[in-house]
Structures are given as C-alpha cells and as structure tokens.
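There are structures below to look over.
Look at the two complexes coming up: chain A is in both, with chain B in one and chain C in the other.
Up next, the complex of A and B:
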C-alpha cells in the first residue's frame, strides 16, 4: 500500500510546506517530486508485489494487479496534471501548499476506494476524497460562483454520503454473516433479502450521485462550472473515474451474483445519463459547461462497465480512466489559458497557437472516440463488454447513437479552432510557455500511442 | 522485397509518409510537388502489383500480417487480392489525376491541404486491403477524418454545416457497424494460441466467414452493417448528406469523395457484408434492389431539374451507385463482375467529369447551367474531351462503362425483368440530363461570361487525354480487368451457396 501511505505522508509535507516556504512557485516542485515518488513506489509494488510498509490491515484492502494498475494510472494522470497546470494552481489563491496537500489527500482516498475489501473502507475512502474536494471547489474565496458551488456540492455530497451510510447499515443488518466484507454478503436463494435490497438501492443511489449519473447529476454542471477551472479539471477526470472504479468494485464483488436482479436499474440509469448528458451538452455555449455535461455523457459510457461486469469491462474501465483523464486534463489545461470560455472564444485558435489547436483537436477527437485515439479503444472495450454480457443488447445501439450525437458538440469546438476566424484576443497574454506546449504534445502523443497499443495500459492488470 | 517490404506496406505507408512529409518537412511551396511526386510513385507501385498476381508464387509479396492486439485476436492484416488490386489501382491512378488537376489553383496553406489528401489516400488504400475487421474499421474511419478537415477548411460558403452533416451521418453508420463487428467477433472461434494462452475469438476475415450465426442474428447484423455501407455509398434513403457535401467541398475533394470514397461502401458490401451474412443477403435482397432502383429514378429526376452543375453531377453519381448496388444484390456472376468493372470505370469517369466542372468553374466563376452558354466556341478542345467523358458516363458503346453496365443489366435482368426495366429508365434519363447539360453549357450563343474564356492549357489537356485514353482502352478491351477480379467474384458467390 505504498500509494496510500506515501500520499498521506506527502499531503502532510505539503501542508507544512505552506507554512515554511514563503515563495509561491516552490510548492509545485515539491508536489511534483512527491508525486513522482508515490508513482514510482506504486509501480514497484505493482511489478514486485511487495509493499514498503508492513502492517496488519486485516485484509481490509486488496492489492491485486487490477487495483494497483488503476492506482498507477491515476497517479500518472495526476502527475501529468501537476506538470501541465501546476502553475495555474498557484494563481487560484494564496494557500498554494494547501491546495497540493488537499490533492494528495484525495489521492490517498482514491487508493482506498480502489482497493477496499469492506464497506467501511469504501465509506472512509469516499469521505477522504469528498471533503478535500468541497474545499477545493470553494478555494476561489472571493468568487461568489465558487462559494455557491462549494456549498451546493457540500450539502448534496453530505446528503448522499448519509444515504450511503444508511445503505451500508441496511446491508450489514440484512447480512446473516454480520460482516462488512464485500465478499461475505449472503444473498440467499431466489430474491435477495429485503434489507439487502434496500441497502443496495441506497448504495446505488449514492454511488450514482458520486459519479454524477442521471438522475442524480444535478450538482455536476454547477459545481464544475463554479469551481476554479484547474480543480474542475481534476474533479471531472481523475476523481470521477476513481468513483467509477469503486462503483465497479463494489457491485462486482458484493452484488455480482445477483446481477440479474439489479441490472435493469443500471440500464435505466445508463440510458438516462447518456440522454441527459448528451442532449444538454448540445445546447451549451460555454466550453466549460459543455465539458461538464460531456463528463456526464462519458459517465453514461462508463456505466456500461457496471452494466456488463465482466473482464472486458474491467479492461475498459482502466482504458477509460487513462483515456478520459488524459484528454480532459489536456483540454481543461488549454481552457485555463483562454480569455473567453464560450465556444466562440476558441475561434481561430489554430492560427494563433498551432500547437494548442492541434493538441485540443486530438483531445476532442479522443473524447468523441475516433480510431487511433485512446478514446476509441476505451469505447471499443466498453461496447465489447456490454455485448459480451448478452442481456439488453439494445443498450449498445443507444450508446453508439449518443456517441454520434456527442460528435456534434465536440466538433463544434474543433470547427471553432480550425475553420473560424478570430475576432478578438483568444489567449490570455503571457500565459503560454514552452514547457506547457511540450506537455500538451506529450499528452497528445500518449493518447495516440494508447490508441494504437492499448495493452500498454491494460497489460499490467493480470500481473 | 518479399519478407521485408511488401506491396500492402508500400501502398499504405507511402501515402502516410507523404502526408507527414507535406505536414512537417517541406515548405509551403514544395508541398504540392511533393504530394504529386509521391502519388505518382504510389501509382507506379500499384501498377507493379499487377505483375505479381500469381498468389502461389508471390503470396508473401501481397500479404502483411502483424500481431497487433494479441490477446483479442486482432491482427494488423492487410493484403491484396483481385478485387483489392483493382480498387487500389483505381485509388492510385485517381490521386495523381486529382492532385495534378489542382496545379493551377492557389490553395491557402498547401502543406495541410496536401498532407490531408495523402492521409486520405492512405485510409482508402487500407480499407481496400484490410483482411481483419478491426484493421478495416480503423482505416474506414481514418479515411473519413482527413476528408472532414479538407471539406470544412477549403470548401464553399456553407461548408461547415454540409461537411458536418456528412461526418455525423457516416460516423453514426460506422459506429453501428462497429457493434456488428464486435457481435460477430464474439461468435467466431479461433484456434490460435499465443504464448500458451488460448485466444477464443478472432477479427480475421476468414474467422468472420466461419462465424456461427443463426439466421435471425444474421438478419439484424446485416442491417447494422448495411446502414454503414449504405450511408457511404450512398443509396436512397441515406443519400441526403451527399449533394450538399459534393457541392460545398472543394472540387478536388469532391473527386475523392465521389470517385473513390463511395467505392468503400460498395467494396464493403462485397468483401464483408455478403460473404459474412449470406443468408441475410438473400433475405434482404429484394428490399435493397427496390431501394436502389427507387434511388436511381429519384436521383435522375432530380438531376434533370438541377441548374447547378456540381449538384447535377452529384445526383448523377447517386443514380450510378444505385445501379451498382442493385447489381450487387442480383448476386450472380455476371452482375457482380459488372459491378467490379463499373466501380473502376465510374471512378475514372466521374473524376474526369469533375475535372471539367472544376475547369469551367475556375474559368468562368459560375456553376449555374443557366448562366453558361456557348463554351464550345471559345474552348473547343475542352468541349470535345468533356463530351467523350460525358458519353462514357452514360455508357455509350466503345466507352468503358458500356461493358460494365451491360453486364450489370444482364445480371439484373436475370433477377427480375421489372427491376431491369425500371433501372433502365434511369439510364435513359441520365442521357437526357447529361446531353441537356452539354447542349446548354457548350453550345448555343456565346454570352458575356463565356466570351473571354480561353481553352485549356497543355497540362489540363494531358490529364483529360489520359482519362479519355483509359476510357477507350477499357471500352475496347475490358478483358484484363475482368480477369483480374474473376477469382474474387467466384469466392463471393461461393460463400452464397
């Protein structure tokens, strides 16, 4: 559990760094250093199966290859995020060290939700992720929108956490084994026991809330829009896929055997999410809001993994984690440099900043799911998983038709970038430097490489 | 050669290399010549493949099979067989013609333009050579994306909407095809064992041919596949993107779209649809022929009413494709042989038509038939060459399409005399609107616009003479092309039994 321990320790380091280091630009480098250490140690753990730390956690965490490779992907994407937009985090407010510290605590929470073996660990992990996020959302203290978003997120989040706790209590109560371990929940013969069914429903609702699946998505656009753009980037990418991973892990291990009894609920949620996400995104004028809705739409595709619940789904969620996080981190990175967040604000970007234009186009193509990009591979695996599942075949057709609709709003931005003329300044002055461009090229290259050779991402999970 | 570099490698990597070259290496002025030189080189390679048709001897020259997504059973498998050889040849001949016809035009940002053109060629080549469903799908989409950028950047006034309609149509179609591909894949069996791990399924064409599918499954998988191909061809009622896209694209891209890209749909039907779902093909046969025939008559009627030359040629193309689609689904030796021949001929003829349309548009600045009159007086050579191409397009004897259409009609006739008769009306109508257009544009009294037009330059003459040369050569002696594809036709029909 290198990632868990080290990220918690480094979170503390970052907190004190805020006290002792006065310069605003230093914390970024310390954070990058720390994250690199966490990443490398997690990779070592993935390759050698040995943790640096030995303590009895009573089998409450499970460090199999699948979970660890997910953590590595998350850490890697976060590292890319730091490198790309680290300097934007400095601009949000005065407490630079604390922002990084909070992100490290989120990573600590993610390492728990990626490996939990008991419902309690799941709950703790979700809370460790959520609380720093409430703070990050409101970190732009003088901006009313940011404050509103934080309050909204906190109230709604607290409510859904309550529902989850209630659900866990029901499951525990209905379980004759009286155990929190997810693989020791007794489902009985025929229909599952009523208490467990109620608990399942509650957990389902609250997990849907956390991953912003419809009809529990209402907080998403406002929170994503109100939060400082750099943190929206983090929330909508890394944190979101982590939520999905927990969702998948919970439903696979705890409720996998009775899938036929709850699958229809997931079908409903998936279709609703795809519908609401895609259709609403079409009407957005602000790219930031469009990306918020598109993240709901992408969640619809990720829900197919929970619908399918097989090996391909697991591979798909890993690919989705990498592809979706990279593309949206890159895109939000470009967005932070824009003068104007509306789609018209992107007019003529390619002419003024060819690198930004090209990179943003590749990210958008990846989100659309055009072959040769990582986005295609992730959608491809999800479709494969859903078809392999064999039930409710029509859901796949619904999903691809909505994917075609998603081309509409993603390509509107591409059209603005390439085919329209700029009427005003598009880029914030003095904001683009060479390292930023290099990072964008690296992300775009990674997306293309994963698009051709997805085994790079999923090859590790069976170790 | 042989095990080191093979023809499929050359035919896909050369255009890609050329594209990268145009994008990143050469400067703006040299992009055009780089692309033309590369495309001529590719044409040379493609002609060279004609001498290596003996598979028993040259199998390793004509096929490439790399491991790609190993544990999925997806290989990067491309190769040339008879049908593929002919279409790669068409692509390889078409591109130099298209690029040469743009020589006199000033493109803004030629690096990007020619780079994207070459990527399109790579995509097309890959589609015509893929023997693995996932490779096929990759190239299928790869051909689409550069065309999207080409049309949206260099097209006419309403280009962005028109191209976008085209993109969303085809993208939706290909995603449906992707579902069908995955579904068939799940029902294939493969005996391949890699590193001791059994791979249960495979994406290869042969595995697809042997997939275990019930008749009901075949029937709806057929629909998913067919929508993708029907949108690409396009046949009625999936054609609505096409006139807009042809009209708004820059003419050189329209040539790619109408001369080469529509062949992707027809080729897909012949390579993937009919052999993989033989029972379903027979099941849907009549419906599709009826749709095609409706399309022929409908498109011909609209073409008669058009005042815009580009739209007229676009609708005439829908009619021709409709006939080919009807002939494919007649599913006998003669008709399919005719289709394969006609695919080549149509590609050459329609490119020729567009070259002339482009010249007229550039010289006069208008594309309305009603504003043009008496071009023959000021541009006699152009007129003669265009009339030959136009007559080839309506399949006069001695021109290339004659043999193709004759074979297709004979085949269609064997299915049903009624289909053949109604489709025949389309041919008559095509003569009506083509001759009408020639009469109005080239003959009649000279008007203000056309007096100042000069006849075509030497280089334009060469392009058109080359096209006319091919038209007559195939018109008089089509046998080599028929021999080239004979085996493919037998293979397709063998799957139907």
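Up next, the complex of A and C:
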C-alpha cells in the first residue's frame, strides 16, 4: 500500500511546508514532486506486486491488480490536475500548503476505499475523503456562497454517514459470522435475512448520497456551484469516480450473490439519475452549474457498472474513471480562466484563444461520447456490460436516449465557442501562459489516445 | 434482555435524529441530531456485539464478536473529527451573516 502510506506522509510534509515556506508559489512544486513519488511507487507496486512497507493489516485491505490500477489512474489524474490548475489553487486563499495537504489526505482516503475489505475500512476511507473536502469547499472564507456550500455539504455528508453506519450495524447484526469482512457476509438461502436487507437498503441510500445519484442528488449542484472552481474540478471528477469504485466494490463482493434481489432498485436509481441529470442540465445558463448537473448525468452511466457487475463493468469503470476525470479536469481548467461563467461568456473563445477553444471542444465531445474520444469508449463498455448482464435490456435504450439529450447542452457550449462573436472580454487578463496551453494539449491528446486504444487503461487490471 | 428492545430503542433514537435533521432550521441543532444518529448506531453495534458473543455460531472464532466494539471507538473518533470541522464551518458562516439559520442557504439556487 505505497499510495496510502506515502500520500499520508506527503500530506504531513505539505502541512509543514505551509508553516515554514513563506512563498506562495513553491508549495505547488513540492506537491507535484510528492505526487510523482506516490504515483511512481504505486506503479512499481502494481508491476512488481511488492510494497515498500511491510506491516500486517489483517487482510483489511486488498491490493489486487484491479484496485491498484484504479489507484494509479486516480493518482495520474490528480497529477494532471496539479499541473494544469496548481496555480489556481494558489489564488484561493492564503494557506496554499494546507490546500495541497488536504488534497493529499483525500488521496489517502481514496486509496482506502479502493482497496477496502471490511466495512470498517469503507467507513473510515469515506470519512477521510469527506472531511478534507468540507474544508476545501469552504476555503474561500469571505465568499458567502462558499460558506453555504460548505455548510450544506457538511450537513448532508454527516447525515449520509449516519445512514451508512446504521446500515453497517444492521448488516453486522444480521450476519451470523459476526464479521465486518465483506466476503464473509452470509446471505442465507432464498430471501436475504431481514436485518441484512434493511442494512443493504440503508447502505444503498447512503452510497447514492455520496455519489450524488438521484433521488439523493439535491445537494450536488449547490455544493459544486458554491465551492471554489478549482476544488469543484477535483470533487466532481476524481472524488466522484472513487465513490463509484467503492460502491461497485461493496456491492460486488458483499451483495453480488443476491444481485437479483436488489437489481431493480439500481435500475430505478439509474433511470432517475439519467433523467434528472440530463433534463435539468438542459435548462442551466451557467456552465459551472451545467457541469454539476452533467456530473449527475454521468453518474447515471457509471451506475450501469453496479447494475451489471461483470468483468466488462469493471473494465468500464476504470475507463470511465480515466475518461471522465481527464475531460472534467480539463474543462474546469478552462473554466477557471473565464471572466464570465455563463454560456454566453464562452462566445468567440476560439477566435481569441484557439488552443483553449479546441481543447474545450475535445473535452466536451468526450463527455458527450463521440467516437474516437475516451468518453465514447467508456460509455460503450458500460452499455456492453449492461447488455451482457442479460436483465432489463431496456435500460440500455434509455441510457442511449439520454446520451443523445446530453449532446444538446454540451454542443451549446461548442456552438458558443466557435460560431458566436465575442462582445466583451472573455478571458481573465494575464491568466494564460504557455505551460497551461501545453497541459491542455496533453490532456486532449490523452483523451484521443485512450479513445483509440482503451487497452492502455484496462490492460493493467489483469496484472 | 431481548435484542429486539435494543433494535427498537436505537431505531427510535435514529428516527428522532433524522426528523430533527429534516425539520429543524438551526445548524447547530441539526448537527446535534446527526450526533444522535451516530450514537444510536453505537448503541446498536454494542448490542449486536453482545448478541453475537452469546450465540453459539461465533464461539469458534470469538475474536469477531468484539469487532463491533472496536468499530464504536472508530465512530467516536471520526465523529469528533467531524465536529471540529463542522463547528469551524458554522463559526465561519456566523462571522459572515451573524446567524446559524440554514434558511440562509437558499440563495445559491438563483
């Protein structure tokens, strides 16, 4: 578990860096250095199956290739995020080192939820992710919207944690093995025991809260809209897919055997999420808020993995993690440079900044799922997994229809970028530099490469 | 005592917590209701732990039955961490708007 230990250590390093380093621009470089170390060491662990640290964790964490490759993808996307928008983090407030430290602690939590083997670790991992995010959401202390977003996020997060704990307690009570290990939960013959069924329901509700699936999505747009844009980028991409990974891992290992008894609930949640996310996104005027709703819509597609629970779904969730995080981070990176967050604010972007316009277009196309982009491959894998599952075939048709609706609101931004004239200044002055453009080109290239060779991402999981 | 009594007691506490979160408008009271939910869980976990320890199936591996009691400690620790962050957020909001009423949260919608 190199990722877990090293990211926790580097979080501490960043905290001390916040105390001792007075310059505001240095913490970014230290963070990039540390994240590169974490990324390389977890790649070494993935390739050689050997961790630098030897300690008995009582089989509470499972470091199989699938989990480790997910961690590597997450770390890679976070590195891209640091490189692209690290200078924006400096502008949020005075405590630059601490912001990076909190992001490292989130990564530490993500490496727990990606590998958990017991419900205890699931709970702790989710809390380690959530608590730093409450702080990051409220980090713009003078801004009332940021305060409100933080309070709302905190109250909703604590509430859903309570529900999840109740679920865990019931599952424990109904399990004659008296164990929190997810593969030692006994489902009995025929119907589930009542206590476990109640527990499953509670856990399902709370995980839907965490990944903002309808009908438990109502906090998402407000929180994503109120948080500083750089941190919205992180929350809506990397953290969200990590939540899905935990969701998938829990339901595959703990409740996979009795899938026929809860699958219809997932079908309901998936369809509701796709419907609410896509239809509400159509009516948004602010691109930031539109992206918040689109993240709900994308969550609907990711829920297909939990609906399907097969090997294709596991490959799909890895691809989705990479494709969605990259496109989302890139698009938010462009958004941080805009003067005006409404769709009209994008008018004529291509004329003024051709590189930004082209990169944003590729990100939007990838989010829509146009072929040759990574977004297409990930949606394709999800739909194929749902078909292979064999039940409720109509859900695939519903998903494709809603993907078509999503084209409307994504293409509206592309239309503004290319086919409308700018009436005022659209880019924040002195904000675009050469490294930023290079990073955008790199992300766009990665999206296209993954779109052609998805094996680059999913090949790792079978190691 | 019968386990059902404990389940009912902790579900009652839990429901009071949920109703409080949904109905009350004061951020600190909502927060206390969340704590009530967590403590209902703690009670239930300890009761289940005792129940499993007395049942015959677990006798073979007695270590597991005490897992839930360890879990309770983790919940307490995490709840404490959450309190510190949550109160800080509430104080931060109070400094800006001089109220802890969550009805203020509605201005994000427009």
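To be clear about the criterion, the second predicted complex is superposed on the first by the 463 of 463 C-alpha atoms of A that agree within 3 Å, B and C clash if a C-alpha of one lies under 4 Å from a C-alpha of the other, contacts with A are read in each partner's own complex, and residues count from 1 in each chain.
One rule holds in what follows: a residue touches a chain if its C-beta (ideal position, glycine included) is under 8 Å from a C-beta of that chain, and two chains touch if they have at least 3 such contacts.
For clarity, every value in this text was computed on a predicted model and none was experimentally measured.
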| item | value |
| --- | --- |
| Clash or fit (per the criteria above) of chain B with chain C on chain A | fit |
| Which partner, chain B or chain C, touches more chain A residues | C |
| Touching partner for A:262 - first (chain B), second (chain C), both, neither | neither |
| Contacts of A:383 with chain B and chain C, given as first, second, both or neither | first |
| Touching partner for A:57 - first (chain B), second (chain C), both, neither | neither |
| Touched partner set for A:397, first chain B, second chain C, both or neither | first |
| Superposed arrangement, angle subtended at the Cα centre of chain A by chain B and chain C, nearest 10 degrees | 140 |
| First, second, both or neither for A:218, with chain B first and chain C second | neither |
| Chain B versus chain C - smallest C-alpha distance in the overlay, whole Å | 28 |
| Shared chain A contacts, counted only where both chain B and chain C touch the same residue | none |
| Residue ranges of chain B in contact with chain A within the complex | 69-71, 137-138, 141-142, 145, 149, 152-153, 159-160, 164, 167-168, 171-172, 175-176, 178-179, 182-183, 185-186, 224 |
| Touching residues on chain A, where the partner in the complex is chain C | 120, 123-124, 127, 131, 134-135, 138, 141-142, 144-145, 147-152, 154-155, 158-159, 161-163, 165-166, 168-170, 172-173, 176-180, 222, 225-226 |
| Chain C to chain A touching residues, read off their complex | 3, 7, 10, 14, 17-18, 21, 27, 30-31, 34, 37-38, 40-41, 44-45, 48-49, 51-53, 55, 57-58, 64-65, 67-68, 70-71, 74-75, 78, 81-82, 85-86, 88-90, 92-93, 96-97, 102, 104-105, 107-109 |
| Of chain A, residues touching chain B in the complex | 365, 370-372, 380, 383-384, 387-388, 396-397, 400-401, 403-404, 407-408, 411, 415, 418-419, 454-455 |
